[in-house]
Structures are given as structure tokens and as C-alpha cells.
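Both of the next two complexes hold chain A, though its partner changes from chain B to chain C.
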Partner chain A sequence: MRFRTSLLTAAALLALAGPAFAADAPGVTATEIKIGNTMPYSGPASAYGVIGKGETAFWKMVNEQGGVAGHKIDFISVDDGYNPAKTVEQARRLVEQDGVAFLFNPLGTPSNTAIEKYLNQKKIPQLFVATGADKWGNYKDFPWTIGWQPSYRTEAEIYARYILQEKPNAKIGVLYQNDDFGKDYLAGLKDGLGDKYAKMVIKEASYEVTDPTIDSQVVTLQGAGVDTLVTAATPKFAAQTIRKVYDIGWRPLHFMTNVSISVASVMEPAGVEKAVGLISASYGKDPTDPTWKDDPGMNQWRDFMKKYMPGADLADASYVYAYGVSLTMLQVLKQCNGDFSRENVMKQAANLKDFELPTVLPGIKLNTSPTNYHPIRQMQLEKWNGKTWVLFGKVLGGAGS
Partner chain B sequence: MLAFLHQVLSGLATGGIYASVALALVMIYQATHQVNFAQGEMATFSTYMAWKMIDSGFPYWAAFLLTLVFAFVVGVTIERVIVRPFYKAPVLSVVAVFIGLLLIINSLSGAIFDYTIKPFPSPFPSDAWYGSPYLSSHEVGMIFVTLMVLALIFAFFRFTPLGLAMRAAAENPVSSRLVGVRVGWMLALGWGLAGMIGAVAGMMTAPIVYLDPYMMFSVLLYGFAGALLGGIDNPWGAVLGGFIVGVLQNLAGAYVVGTELMVTVALVIIVGILVIKPSGLFGRTIVTRV
Partner chain C sequence: MATLDTSRPAAAALFAGLSLRAWKVIGLAAVLAAACVLPFTISSYQLLLANQVIVYAVALLGLNILTGYNGQFSLGHGAFYAIGAYCTAILLDKTGIPYWATIPLAGALCFVAGFLFGLPALRLEGHYLALATFALAVATPQLLKYKDFDFLTGGVQGIVISGPDTPGGLPLRSDQWLYFFCLLWTVPLFVLAWNLLRGRTGRALMAIRDHPLAASSMGIDLARYKSLTFGVSAMYTGIAGALGALLAQFVSPDSFDLFLSIRFLVGIVFGGLASMAGVFFGAIFIEFVPNLADLVSKAAPQAIYGIVLIVCMYLMPTGVMGLLRALGHKLGRLVAR
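On to the complex of A and B.
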């Protein structure tokens, strides 16, 4: 039925606007833009599903305010269960059956990896993907795919800079997950430490996601004489690491990937007092941080939440993320100036100039260009004091790839 | 030297986890001559029940005992309702059923209790005299509990008529039936007891690795390695095998092959043992007259 309606619409368009319009801007009619999205609403990463809900609410708000250049947004967000095979199936459905103009903010590194070839071959923009892997800045091989948040590699580079400044004689150890995520941190430390890497990093220890514990790795790192530990681990292993390091009486300067800084799923299971002194980095405003209690930017987000997501958990940072990344998308659509062809959308996504968001830390600006596909490259360090993360120092930038 | 000792002790702690799962595998193998791939997921699910009870205000030991009852009932029910119809089916069909169970129970845990990790309390006080930086009091306690369960299983199969009947039912169902053993119920009982042992393993493991639906996914593999190494029909051997796998893995990871190949070590152990001594280090070699 749906197929037939779209055929009818296409026929009507052909009659009205001539073939050029229909061919140049798939997924766009005179009154509507179709945007596709995949999210893990079920399965192991379903906690991130709230991002999709927040985005759906955001586009509803945009439509109520009149849409963009006379176009309403039809946001089609579907479940992939965090299963890359399913993501492929859903992306094809979005493109070939629903006929979306482009994909916005599909979530997950493996999921986006599974669809990047397909989308790039068909020249369909894959915009502001929800993953921190560094590979999304690869404008040469995948010109239709662009990242959004700071990459893990940028983050590690910032840690390296801080170590060089504050503890130039550090004996660094790295505990990392043996995959793209963990290896981005090794790459970032190499970027930041340069030729000092070989001398300063005295031990690298990896773990597999199938390992039951990381105890042996922690013992190995301690035994090697490490006094500065960089941990690139997912929440379960991060909590285990914090606890084990404390329990064996080891007190290194400890950097923790910002993937694993959630109070509820890392700090509390590890023991809040065992994590005191832990250092990480952030780019977004934490909704639970009292610093932003009366912040105009965060109040803008809170007003949105109150009206369009009543009853949602205001402590969940994923909603702040959804709002920020959607505002970026909206900015791109505005910059399109009425021409929503795939070429122009991609061109404008790679043409953000000092764009500021109300939900990221003051001083952080979004910039993209045809040779820069990493919109956010700045972060600020923060320290865990036993109750909350406290920001310190200046906003630091990393080059990334 | 100190680092070496530390690796050995932390290997013993992890080995204790493997040993407790290996025991559950031995139990079900002794009772049914089957290897249950869903054993780990059943244990995880039972541990979630314990977590739920403790979370809603039950004292630890009350929750512990109720969980054992729950695990027993679930084990018996699964045998009676799901496994029984496949009693005469080929081995591959039975394996498919077990893998199906594994996936179903895993998704159920996730759907009901979600996928974020949950801290699980330990019954052993963290400042107890037997705790140290090398082996936390919970790890010492867990090893003790594993040895206790081992003694109970050993005594059960060796000294009680029921244990003898269960062994007989698994070994030779036809003759057992002829001498009056109710073979069907013996199998169900075996499932129930294995479920209970699994639940103990789950509740002892969760404080160390945190509770999430994938808690036992990989532990089961190492439990297998331990059980096969020691001999899957010998509880002592299985426990010893679990400890050996834990320690060997740590030492190999730290000094020989590096952390990247630690998982491989367990698999090499399984294959190596199956090739050289199929019945395990301490298993009985079964001679069949033809």
C-alpha cells in the first residue's frame, strides 16, 4: 500500500515539477523531508533507545514550530536491536521502501560499520553517527559518512597532553579492550606523546569482552611498575578495574574513558569511594551537575523536555545528547536554504562554522569542512570527588585524524 | 616473585568461579549423561531472582535459600516439560534444544531485568580476617563454598542410595528400571540439583564480575575446560580442573603468550585433553564390551 502511494506521489511530482526535482532530491516532497534512523530500542544496548525517543520528540517540536523552509520532517526511527545484520536490513528498508532522504544519527560502531559501504555506494548521507570511534572522520574513503561527538582518539590525545604537562616522568600503563574502541586510545596516546610514547608507556595490557575478569591484567600492570593508568574499558570492566585497583592497594593516577563514567552503571557498582581521584573528560553538560542548575542553555533543554517528553528521566544524559545532535541536524537543514538534495545536505553537513550548542561545555565550537569530518574536537577534564564529576582546567583540543 | 604469587592467587580466585560452574556440569552429566549448554544462563537467571529478593528487602540468607528452591523447581520443570520429549531423539537434536534454551533464558534475563550491570552483595564481610590485598574475603569465601558443595556432591553420590540410583539411571536406564529405579524422576531430580548448584555458582560469581545477562556466557566455556580437564564424571577432578585452568590462564597471559591469547589457552586445553586423554586427568576410562 505504502509502495503504491509513493509511486503515486512520484507520478504526481513528475507531472508537477518535472523529472529533475524528483530525481535530484529523493525523500523530499514539496512539503516534507523524510529522515531515517536506526536505534537499539531492544537488546543489550537498549538503554540508548532513549536517544531515539528524544529525537522523535525534537522533530515533533520542529514541525509544530512550522518545520524547515516550509517542509515538515517525517522522522522514521526503527529498531535494530544493536545487531549489525539487522541494521543492514533496516537501513535498506528505510532507503528502498520508505524512501528516506538520508540517515541521521544511527547508533553503534558495529551497526554503522555494517551500513557505511552500502550508503556510500548509493551516495546517501549517513549523518552525525552516534559512536565515538575515530573512523567516522575518514572523509577520503567514506565521503557520505560523518561523525559528531569527539572521537576516543581525540580524548586519549587530551589525556596524553595533560600527562606531559603535569607528570612528565610518568610510567604509563594502558588497559584496553582488544577492538577498535580500545585501540583508538592507543592511537590517541601515540598522537599526544609523539616519540616519547615508547619510553613513557611501559606496559599495554588488553582484555577480550569474553574474559570474565580483568584481575590478571591489573596485577600485571601493577607488577610492571606503572604509576599512571589509562583504562579504555566498557562499563562492566571499568567497574571491575576501579575496584580491583583499589582493593590491591594500588593508587596510580587513573584516567577513565568517558564511555564509562556513568554514576549508576560504573561508579556505584565499583564503589563511589574507591573511584575518588579518577580523571576523565567531557564535552557535554551533565544534567545532574549543580553547576548547570540555572544555565540558560540547559534550561532551554529542560523546557523542551517538559513540553515534549513529560515524565522522562531528567538525569539521563542521553536526552541531552539527543537534543544537541538534533540541533546540529536542524542547523544543517537551515543552511541548505531550501535545496534538500543529498549532495547539498552532505555539503552543508561538512560546512559548519563555529556552531555553538546550548548543551555542550562553554568554549566548545562545532566545525566541519570537506577535509574535517569530526565536528567536536574539544573536551574538558574532570575529576571524580566521591559524589560527582568536577570539571577542571581549560577546554582542550585534540587533532584527531 | 611477589608478582608471580599474586598472579597465581588471582588465578585461583578466577579458577574458583570456573570450578563452581564445572561442578554443576558434572552434576548434570552424572545424572543424565548430557551436557547442558544452558547451565550458565539458568544460573544467571536464578541469581537475578536472588538479586530481586535482596533488592526488595529480604535478608541475604533467606534470599539464598529461596533461590535454591526456585532453581530446583525450574530445573525439574525444564526437564519434565522441555527436555523429556527429546528423550529418544538423536544427540544433535538435544544439543539444539539446549542451545535454544540458552538463547531464550539469556533474552528473558535481559528483557526482564535489563542489560545494565548490577552490584550483587557478598555474604562475607569485606574486612574479614581472611581477606587480603591478594585474595579478597569474598574470593576466599567463594573457594570455601565451592569445596563445601564439592564435598556434598561427593558424599551424595558415594554414600546415599538416592545418589547411587541416580548414577545407575544415567549409566544404564534399562537395567535400573528393571530393579525398580524410577528413571524418569531420577533425570528430573538431576536437573533440579544441577540447577541448585548452578544457582550457588551464580550467587558466588556475581559479586566478583557483577550481575548482567552475559555474566555466565564465557564463564561456562572455562567451566567446560575445567570439567573436561579433570574428568566430567569426577567432581574432585572437575574442581581441580577449574582451578588449574584459572591459574594456567593467568600465568600464560602474564608470562608466555600475552593477554591477547588468554582465551585461546582455554580452548587449547579442551582440544588437547580430548586428543590425549578423552576421559580427563582424573576421569574413569569407560570400557564397553562388544
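On to the complex of A and C.
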């Protein structure tokens, strides 16, 4: 009987001890931190899968260099096929089966939306999500979810500031895609122009993704007397807009969303000479831009790529993104000072102070706080000269939301 | 009767005097018992997977009624799955209707949608019907994003919903309850389908599949049967969609892309056309093989998926159930000898 009691006590103690330790810092052992991630390795958005591969290589490098505070990183990246229902399943697998400490850089706006409630209920950090939507800075409702890159809204706000500075009497027209992406730009312009919005923005024109062309919208905007055009269009429509604006002999000051500044998919189809003078904004260094040919920061990235991703396409900006966002994660882990509990990881993710990355433009600093969940809020304007984008002016900041 | 018995000596002699039919009943009871014990033996995540398999099985059953039994091809059943899912999500989001009441409503809506789609589809046969339904699958995600439906569908953002809570007094976790809730829908739906398919209606459906001309000369109303089958099939898949929405607690246009419809077709062909048990094998395939492919290769998971599928179809050209039947047949002959 006594033997049985002691056995029971031991079992009870073990049972208590197990969860008690796990509750301290789930996903963390004396030698290892488990980090989960979902990526579209298959499906319609599988081009983004290279981000996951870049991150896997990054953590391999960190481990070879000794890990973080004596902990190796076990980075578990799984495929969700860009299907939110699958993301839910995979996130639960990572949390419940693999027992990860937190999720880092899951990709996609719908995918992250699908899991944010679950993760916040369980108080599991959802760190530096890979999406440009503005909603990822909602620290009040979702304190365990934080964004990373500048949102579309921040970008639009920066355009507004520039217009106020350089062309205070501008008659602004907005051409936007009628969805969340396009509407974020309207919201950003409102942030930046404030009460002048009603006076300065004289025409808003929208189009549907299903529309064949945007010709009539462009003509309407010109007819309304617009002299400053802000275009929030996806690449195909962006190219159409640039061409149409030029062909009807209209020369407004033209701002283009940085979603649509690719040379191959926008500038060349539109006609490189027709786009001269176009203005956009960036936060990262473009791996194909000759300006950064001998840049120490980009060389650091190139060395990493050479060693850990041999044979990968060095013109793919997604690898630069993967490297930058992973360095941010590494910084958070370093700031944790050995305490990798979920609370502390989240606390440190919201405690970045003037953190600089080798892969973002000089002068851009990452800052977060318990009331600022938009780490990157600065961008620099750039102008298309017919061959390449040329940065100009100072780094500008947006307040975000 | 005596002649019937001697024509199938294997069935009568098989395994300790029990007929094949008796063994089937015992097997079914065992599977059901196992399904009831399951949620208490596995982790919450594994339960989610099991639940997803059940939901897919219902969706596949819907498609199999149409394609396997009635011979009408559909590459667009993902659309009915989406309609069912959105119906439940919108009702939960906008009205005070309890979650359990949304399931029959979603089923009814999908029945009507399927029936209406089946009417014009009557004019289309084989490949042409496959293309028409394919168009449905292509259009669905875009329609869900359409701005005039935005106030209902939530556009690109989709709708986040809350999963059901365990009703008061039941000693179950909410995910265990959801599993039993899905099971409570699944079992009657399978019984209903079984009743429908083994009798007169089922014979009519198969007659239409095998020889439409002969079927109609025997007095079977082709138009009525085909459009009703479309409706019933869509209803099953729609109910599965509704249950799937409760499971994922989120719907968005990206959840219901073209691949979903194709996965359904893969599921019924893999499991075995015109087989009710086969849909479970199909559901297991479409749920787990993508995960396995991801384990093998991050670079080309879809290629791995394709290879697995080709190998499976090469080894089992009539699906899992076809293979099992052939094995059963051989075994029967061995026993008889």
C-alpha cells in the first residue's frame, strides 16, 4: 500500500512537474527553441515559398554559429498551400503537436487572419507576419500579433507628406483597386493630409480586379483637372495606367504603389520611357540595384546566400526580405536574455529600439513598443529615370495606425 | 434462393459460418465504436485532422453520388462546399441563429443551388459538363470577393467565426463536442445515402450512368433524376462545407480555390467510384498526402503529390475499394477451395 501511495505521489509530482515546466516556456528546452512557420510552398502563391527556404537557411547559419544564448533553433516551416483552412490546421499542428514556442513570419493576409484569434486566445506570439496589410498593428485587440514591413497605409501617408511639402496646392486624384489593398491607400492619404483631404483630393476612381482596362478611369481623372495622381494598382493595371496617362498626353505628378514597381512586370510592359518621372517609395535594398553593388550590408547578405543557399537566384528580393526579417527575429531572441517564455518573447518583440538592418535603406530604423506594432514605418522616395529607380530626398516616416 | 447461394459459395462459407454480410455489419459496428472512442484517445490536433477527414468524406460522398453513381462529372464541387461554408459563416456572423441550425439551412441552400445548376447542365454530357462545372469552380473565389457582396462575405478578408461550445452538462472539450456534432450529421447522411442508393432510385441512377438510352426507354425520367441528383449531391457537399467552416472557424475566398474541386475529384477516384466506404479512403488521401509531400520536399511538394497519385492509380486503377474487392474475391476463392 505504502509502495503504491509513493508511486502515485511520484506520478502526481511528475505530472505536475511536466506541465509546470512547460507552462514556464513552452517549446523551449535547455538546449533548444522551437519556432514554427507556415508558408505557401505549394499552390497559387508558391513563388513566396523561397522566403521560407531563405529563413530555414538563416537559422541553420545561426545554429552553426552557436545558436542564441546556448540554445539551438529548431525552425519548423510547413506548407499551407495559401489555403487559410490549411493554415489553421498547420498552426495547430505546430502548437499542439510540435510544441513550438511561437510562430514567426507566417505568410499571407488571409492565412494570418485565420489563425490570429486562435493564437491570441492561447497567448502564443505571432511574430513579424509576412503581409503588407495595415491591420497587423492592432495591439489592442490582438496583443500577440505583430507586423513587420511598412503597411500600404504608411506608404500612402508618406506620399501625402511629400505632396504637402512640395506641392501644397496639388489637385490630387486617386486611382485604386477596390479591395483592402486599394483602400489602405485612401486611409493613408487621409492620415497624411488630415483635414485638407476633402479639399485636396478632388477625384477618387476605383476599378475592379475583374475589369479589362482602366482607360476610362484615367480619362475621368484627367477630365476632373487632377494634376497629382496616386495609383494603387496591381502590376497589370499599373502598367496600363502608366501607358494610358502618357498616351493621352497627360503629365501629372504620378505616385505609384511600391507593389507595382518591378522593372520586368510593370516598367517594361508599360514602356520604360513612358514611366519617366514616376515616383514610388522603398524600404529595402533592391538586390539588382547597382547602387548596392559594393554595399557592406548587401555583401553580408550575399555572403550568407553564397554559403547557405548556393545556386539560389540573387535577383530575387524575397531572399533579402527573408534575411532581414530573420535578423529582426534574432535580435528579439538576443534581447530575451535567456528567458524565452512567450511573455518575454512578445515583450521583446514590442521593445525594439532603433534597430538597424543591413538590408534596409540607410537611415531606416526599426522601432516597436507596446503601443506600436509596426516595426518599419519609414521609407524613402524614389524616381524612375527610364532605366532604374533612383532614391532621392530623406527617409520619411509615417505614423501608421 | 438456393441457386443464388451456390453461385456465391465464398460468401456463404467465409469465416466461421458467418456470411459476408454479417461480417460487414460487425465491421461497421466496430468502426462506429472506434469513431466514438477516438476523441478520448488522441490529441486535440489529431482530432482536428480526424474531424477534417470526416467532413471531407461527406463532401466526397456528395460528389460520388453524382459522379460515381450517376455518371455526371463535376469539377466544380468546391463551389458548393464554399456556398455551404459561407452560408454558415454569414448566418453566424450576421444573425443570432444558433450554429446547429445553420447546417440544415446551408444544406437546403446548396440543394437549391445544385438543382438549379443541374437544370441547364442537363444539356451537357461528359466532358462538356465537366467544363461547365469547372467554370463554376473558377468563378467562385472571384464572386466571393465581389464588391456588391462585400457586406455579407467580408470580401478578401473573409469572415472569422467562433466555434461551437459544448452544450451545458456534457463532459467534453469543445473540440470533442464539435467532432461528435460532425459525426451526428455524418452517420445519418451516410444512412440516407445508403437507403437512397441501394433501392429503386439507386438502380435508376446507375442505369442512367451505364446506358442513358436504355434507362429512358425503361421509363426513367432522365431530366428529373439527373437534376435531383445534382441537388442532393450539392446538398451533401454543402453540408460538409458548413461543418468545415465550424472546424476552421474562418472562411475566405482563398479557402475555396480551384484546387479544392480537383482534390475532391482525386478523392473519389482514389477511394473508388460508386463506393460509399471508398470516400473515407479518399478523404484520408486528400487530407494527409499533401502533408506527407511537404515532409519529403519543400521545393516541389506538388510534384511529390503528383508522383504519389500516379503510383497509387497505377497500382490501384479502380481505387482502394476496387483493390479491396479484388482481394476479397481472391480470398473468397481460396477459402472455397
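Observations on the structure shown:
As a working rule, the second predicted complex is superposed on the first by the 382 of 401 C-alpha atoms of A that agree within 3 Å, B and C clash if a C-alpha of one lies under 4 Å from a C-alpha of the other, contacts with A are read in each partner's own complex, and residues count from 1 in each chain.
By our rule, a contact is a pair of C-beta atoms (placed from the backbone, for glycine too) under 8 Å apart; a residue touches a chain by one contact, two chains touch by 3 or more.
Since the model is a prediction, treat every value here as computed from it, not as a measurement.
Following the overlay on chain A, a clash is recorded for the pair chain B and chain C. In the superposition on chain A, A:G223 makes contact with chain B only, not with chain C. Once the two complexes are overlaid on the shared chain, A:P252 sits clear of chain B and of chain C alike.
Residue contacts after overlaying the shared chain place A:R92 against chain C, while chain B stays out of touching range. In the superposition on chain A, A:A264 makes contact with chain B only, while chain C stays out of contact range. Shared-chain residue A:E208: touches chain B and chain C both.
In the superposed model, A:G43 lies in contact with both chain B and chain C.
In the superposition on chain A, A:V78 makes contact with chain C only, while chain B stays out of contact range. With both structures placed on the common chain, the touch criterion links A:K117 to chain C but leaves chain B unconnected.
Contact with both chain B and chain C is seen for A:N178 once the two complexes are overlaid on the shared chain. Superposing the two complexes on chain A places one region of chain B into the space of chain C, and among 44-52, 62-70 or 98-106 that region is 98-106.
Once the two complexes are overlaid on chain A, the chain A residues touched by chain B in the first and by chain C in the second are 42-44, 46, 178, 208, 210.
Residues 42-47, 178, 205-208, 210-213, 215-217, 219-220, 222-223, 235-236, 239-240, 247-249, 264-265, 268-269 of chain A touch chain B in their complex. By the touch rule above, chain B contacts chain A in their complex via residues 2-3, 6-7, 10-11, 13-14, 17, 110-111, 114-119, 133-134, 136, 205, 208-210, 212-214, 217-219, 221-222, 249-250, 253-254, 259-260, 262-263. Those residues of chain C whose C-beta lies close enough to touch chain A in the complex are 43-46, 48-49, 52, 142, 145, 147, 155-158, 160, 244, 247-255, 257, 259-260, 290-291, 293-294, 298-299, 301-302, 305.
Listing the residues of chain A that touch chain C in their complex gives 41-44, 46, 49, 52-53, 56, 77-79, 81-86, 88-89, 92-93, 95-97, 108-111, 113-114, 117-118, 178-180, 208-210.
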